[in-house]
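Per-chain residue numbering starts at 1, and chain names A, B and C are given in the order in which the chains are listed.
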Amino acid sequence: MTIPKLTEVLTLSNTQIAIEAAATVAFALSGLIESARKRLDVVGIFMVMGLSAFGGGTLRDILLDRRPFFWVAHAGWLWVLLILGIGAMVFMRKHHFEPTERAMQWPDALGLGLFTAGGTQIALDSNMPIMVAVLMGMVTAVFGGVMRDMVCNEIPRAFCDHQPYAVCSFAGGWVMIAVQYGGAPQWVSLVTAAATATLLRLLALHQNWSLPGWRA
Amino acid sequence: MTIPKLTEVLTLSNTQIAIEAAATVAFALSGLIESARKRLDVVGIFMVMGLSAFGGGTLRDILLDRRPFFWVAHAGWLWVLLILGIGAMVFMRKHHFEPTERAMQWPDALGLGLFTAGGTQIALDSNMPIMVAVLMGMVTAVFGGVMRDMVCNEIPRAFCDHQPYAVCSFAGGWVMIAVQYGGAPQWVSLVTAAATATLLRLLALHQNWSLPGWRA
Amino acid sequence: MTIPKLTEVLTLSNTQIAIEAAATVAFALSGLIESARKRLDVVGIFMVMGLSAFGGGTLRDILLDRRPFFWVAHAGWLWVLLILGIGAMVFMRKHHFEPTERAMQWPDALGLGLFTAGGTQIALDSNMPIMVAVLMGMVTAVFGGVMRDMVCNEIPRAFCDHQPYAVCSFAGGWVMIAVQYGGAPQWVSLVTAAATATLLRLLALHQNWSLPGWRA
């Protein structure tokens, strides 16, 4: 038996699948916490988990006319989501874990970065203009949460809470474009973009940055 | 003139069209009743009827990348919907029919079963994995109502009222998979799945079954 | 250098692009005014502008399975939108311009007419049945606003305020069909349809026409 070299395992395709998977779990957890706070029933909880996890990527794929979706090509992830949800519910009940807004911030920031990188790359691979590619990265990262909030009958937080969120994704997307135009290998640009968006988001939360509004 | 034999008329394609048509009428009526309760104007009434009737199937077809939609291939149904709506409005006004939540339950349960069966079969025909096929049946059956509630600015009842609804569709879909794997002809599996979902829903309403929630 | 003749510039394709562009700017402005009234943050403002401007056409293209979208093929328009938004925000702040509901009516009525004409024509070009084509014109014209209202967590005004809006688009679409069946050139039917829908809308506002509701 031969052990594959790191460079073989780290092919772009594998990296992309790993990124999409990690972001999916991160957003699913944030959706679980959110729907728990909303006291939805078990169907609502799984639906909001699913929308948070797969909604952004699915919308991106519909816009790009890409098939199959991530959750169709890798249908096993639906089972992962189901088991993850049940496991988390049992665990949280047992430990009297009260899901707070703070508890959502870390997985959410991580998912934001990972989906930004993955979504922008996929749009570039589909020969989109760079402005559209950056937007698609943002759609991937942000619209899962937008759908989550719309289903929960709220104005999407990303549009009205004056905290930088979509803006971090937007910045990450442009960093990715810049790094790739600078000639770096694709996995470097993916990691850089994801790190930029995630760190900007965490920094924004920590420093209480505020977006301007109509007359802020 | 020769009279066609039952087995000829009951080709799968005809059965599927009949199922889709019956479910469409059932959901259109439930949409009409709902929008009447919301006191929407006439445009809103027809839109909510249309979303309830065609929304789930259209979303399924977008996800599966199927064209043409049912209401494009059979555009006559749009006229049926228009006439049905006008007729029902005139009739209900004349007889001082007060649309209640109970009045929605029967057509809604019927539509749930029929769309579950039709949607799952269509997804199987598109070579989806079985978990995805069952989900597509559920999307077909449930998301017309979800869109109806979202347009009416409510958290979708299917996600928060603790009554089994999507779960009945989910069960019906798995029954369909099981019956087909058991070797029964397709129309048997379609009828069984539709009946399972509809009866489970009616039973759940009658027995006041309740879904668990976060800490129900 | 030769100056192109009017008939050359006025090819159907150019006319259609001009119509789509004018309607896009009109709806973007109406979206800007609406999101300003809602006190969204800067991300929300641009998102609602984008949804209002491109939402209806994008939904139409998804339903018709047309690619690329207007804003992908002409990605420069995304920059126009960005600059338009920033410019309008600076201008309005400086002049203490208070965005009122009345201020939205003119660009909105113009956008309604232009998108109705453009959307119906595109659906006819895709060989849709005429009823579907008229509906697609209506979707193009109305669903940008519907998405805007849904994101802003309101029942879409088009469905509940008893003012003729979608109905004006519907009428404009049928006028277009009639004019084309009468043998007039396409640009005549486009202009007639756009003018019909826009004028009907302005007339309806001015005369306080009211749609029937459930028991109006």
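Just so it is clear, contacts are C-beta pairs under 8 Å (C-beta built on N, C-alpha and C of every residue); 3 or more make two chains touch, one makes a residue touch a chain.
From a predicted model like this one, the values you see are computed outputs, not experimental measurements.
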{"item": "Neighbouring chains shared between chain B and chain C, ordered by label", "value": "A"}
{"item": "Chain copies touching (chain A, chain B) - same or different residues, decided at half shared", "value": "different"}
{"item": "Euclidean distance of C-alpha centroids - chain A vs chain B, Å", "value": "32"}
{"item": "Junction residues of chain C - those touching two or more other chains", "value": "62, 65, 150, 153"}
{"item": "In the complex, chain B residues that touch chain C", "value": "35-36, 38-45, 47-48, 58, 62, 65, 67, 69, 71-72, 75, 78-79, 89, 93, 150-153"}
{"item": "Footprint of chain A on chain B - complex, ascending", "value": "62-63, 65, 128-129, 131-132, 135, 146, 150, 153-156, 158-162, 165-167, 211-216"}
